[in-house]
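Okay, structure first, notes after.
Order of writing sets the chain letters: A, B and C. Residues in each chain are counted from 1.
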Amino acid sequence: MFLRNAWYVAAWDHEVGRALFPRTICGQNLVLFRTEDGAVAAFEDRCCHRNAPLSVGRLIGSEVECGYHGLAFDRAGACVRVPSQSQVPPGARVRCYPVVERHRWIWVWTGDAAAADPSLIPDMYWHTDPAWRLAAGGCLHAKCQYQALVDIQLDQTHSKYVHPTSFANEGAIRAPALARRDGRRLHGGRVMANSDPQPFMRRAADYKPALADVWIKWTYEPPCAVMFDTGIAEPGAGALQDRTKGNGITIFNTHFSTPETERSTHYFWASARNYKLDDPALDALMGKIHDIFSEDVAMVEAQQRGIEAFPNEPIIDVGSDAPTIQARKLVARLIEEEGNARRVA
Amino acid sequence: MFLRNAWYVAAWDHEVGRALFPRTICGQNLVLFRTEDGAVAAFEDRCCHRNAPLSVGRLIGSEVECGYHGLAFDRAGACVRVPSQSQVPPGARVRCYPVVERHRWIWVWTGDAAAADPSLIPDMYWHTDPAWRLAAGGCLHAKCQYQALVDIQLDQTHSKYVHPTSFANEGAIRAPALARRDGRRLHGGRVMANSDPQPFMRRAADYKPALADVWIKWTYEPPCAVMFDTGIAEPGAGALQDRTKGNGITIFNTHFSTPETERSTHYFWASARNYKLDDPALDALMGKIHDIFSEDVAMVEAQQRGIEAFPNEPIIDVGSDAPTIQARKLVARLIEEEGNARRVA
Amino acid sequence: MFLRNAWYVAAWDHEVGRALFPRTICGQNLVLFRTEDGAVAAFEDRCCHRNAPLSVGRLIGSEVECGYHGLAFDRAGACVRVPSQSQVPPGARVRCYPVVERHRWIWVWTGDAAAADPSLIPDMYWHTDPAWRLAAGGCLHAKCQYQALVDIQLDQTHSKYVHPTSFANEGAIRAPALARRDGRRLHGGRVMANSDPQPFMRRAADYKPALADVWIKWTYEPPCAVMFDTGIAEPGAGALQDRTKGNGITIFNTHFSTPETERSTHYFWASARNYKLDDPALDALMGKIHDIFSEDVAMVEAQQRGIEAFPNEPIIDVGSDAPTIQARKLVARLIEEEGNARRVA
């Protein structure tokens, strides 16, 4: 069960060009492509004639031609040509999804097109703002339900165990988890004065002292965007209130866990910094985040196998689960409201 | 759901020898072999004792010996020996299918043995007639429902898109599809005066002019035989009425799409010509038809994935679908009649 | 459907050490390990918090630490630490299975812990008795229902067909199958005076004469232990009554077919002799039993495919099936009694 009226990241901008690009999101097979003017379009990946995937056809100008019998569809999904006859049958069209290209990602709306408001796309200005360097990013495929990835992102008590050599942070285990609702958003994280900086952050900041002020703050936008503001600075200089103090560094990490199916996820991630914008060695270090997030994937994939092996066992909650429980309730409520709205309509 | 009372091609003649040869057709596991006198027999591939597949046993003379406990079955499937006792239990036998070897293929009847009339086997005399050269043939495995292969064979409007460098034929797209019922058979195709000859036919005929008289005529025999009479000749010489006119060539292509399971098919094909019977270069060229028919398989396998991804979407028909719709109705009616007959009996 | 109140072999002793060792038995995911004092423990392989498999965590001292959030469990499965808080939530524990290490194997009880009586473990003293040499052993993975392996073990009429070059024994095919119930146990086999010794036994005994007294006696303990006492000796010397007569040899083969799932099995086997205890060449010969038992696995895997392909076909029994039918009835009755006891309780 997925939230329908939502923007999902379907691809990085560079993944979609003048080739037909198939991708499944929320259990729906899509084909994405750029029209001649560079705009991105997304169709359901099936010809309305005999169900052949359009992605095995051809892109000709801004039209998609089915590879089976040559039916052609314009950028809005309307069939404009049936080669074997002069008329196009009424109703011959394929579903066309609302698409927005923003923040280096291609966003697709899976619900009612009339409700597709681009202002609902989470703000990730650091992906393109010249004051920031988008140093690393990618897409990991995870054989798990998407919410398991959101869970691991919202709860830093896992870092010591899942990322022992990189994001491990003793302080985060005992620091209280903050969580505050703000409309559809949830804000949370941990703010730790005089704590142990994560090994990775030490390296990124070239930071030597034993302790630092450490912050790991996130914003969750349902159903699957998690944006981190994380940094370290000299302790006691006020960096926890103002990041410019204390000679610290800030890194913003973005996570978007687009459901592929009920049990698999396209996990998009990006990492940006606002310092040393032109430093290839630092870019290379931040590229290693791929390996760190792959540790998350390995853990939630193992967890998924555990869930499937023990489908009926009760689970025990602990205190630090509060944000993830709140996030799941938020999504459940949105899905329920969506269902109610459809029943009324 | 398959038509039961029908002959299905289970194998090429050379595939079946003095080794036990397992093959699944219509969801039924069979084992085929030749008895000492060279005749082909087909059993269900299971010992009646403990379900071990007979195909992992041994062929001894004309008896099949189960590889587990040595039970032996004669060519009619009757158990003739239980090594551990002197008596054979009553009812110990395995199902034996009617088999006919004809036209280089091994035909198996999956329905009531009493109704297995060899005269119902489609005529494919060109496979063995000395006036013809059976230049190429094979068996492709396709992960699709068998009727998807019949569909692609009966509708030539796909050729330009699926076979752009070989069978592409602009004329076939606009030429009206002919279809005529003749008892259980359906005849159809396209006859095109002054049309563009297919690149493959040009090569096979060593034909230079821009235009030719082109014919692509087929006979469909339910549930899954499609036989083509196709050729090109100099335009206006009367070849469309009489193939000997116009210095043309004729190739007969045979297709038999035997269901393996509901979603997979053994696709047997053969290609024969009635000219230059002894020309190895031409044989080699016709051998390339393997690649062309593999393009069909790739398309219908993609289509199968599309059908499974969108199980409930309506499809739109176009005019050139008429023969395939007629063919599917024919099969549906035969299956329904078969069911009615069983309920009465 | 498995017998719950039973000891199952989960592993060889050497497989379980100071690493977390996952293994599925009877459809239940387990993790096994040795505590600091060398004792073996078996937990269900899931953290009670969020279902992460404990096997991807760490063993620290005698505690298992979950690899996700660091929850720690003592050797009895009780949660003793939640790193992110000072209190352990009530009910936080994982299921701990009764375990016994005996006869070189690790035995796990899958039923009610209160009923886990170690005296119910079958006696296999020859695995460790200094008068015996445990020359070979292993664990084969078989894609079949476990009872299919028990069946092939209890009925020697298969040997000529499945093991033509090693255990083949013409005499066993016609010799009457003995079977005698003794409490929960079943004793059976074949005793053959003046019979053809198996090629393998000839080699193991360096035995030249054409005929021998041959015995193949087994004890079956439900649900899946089969223990063989097998030997050959000079004919007529009385070895069939007293193995010390007739210059013969005895080999004890042990089989334990632990269900992994309804359709897969961990097939543990061992082979011991009571002569030439220090003979590496004989050890090497007995190591080849791996290949012989692999022939059994290949046959029952083929049989499993046959059973699944023909789920509704009746099967025919023969006389030599009596012991396997009796064994299956024994298990069915035990499972039924277990169900009745649970309903009453």
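We adopt the following convention: a contact is a pair of C-beta atoms (placed from the backbone, for glycine too) under 8 Å apart; a residue touches a chain by one contact, two chains touch by 3 or more.
Treat the numbers as computed from the prediction; the structure is a model and nothing was measured.
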{"item": "Size of the rotation, in steps of 5 degrees, that lays the CA trace of chain A over chain C", "value": "120"}
{"item": "Classification of the chain B:chain C interface as same or different, half of numbers criterion", "value": "different"}
{"item": "Rounded Å distance, chain B centre to chain C centre (Cα mean)", "value": "49"}
{"item": "Residues of chain B engaged with two or more neighbouring chains", "value": "none"}
{"item": "Of chain B, residues touching chain A in the complex", "value": "151-152, 155, 157-158, 160-162, 173-174, 298-299, 302-303, 305-307, 309-310, 313, 315-320"}
{"item": "Contact set on chain A toward chain B in their complex", "value": "24, 29, 44-53, 56-57, 65-71, 79, 82-85, 89, 91-92"}
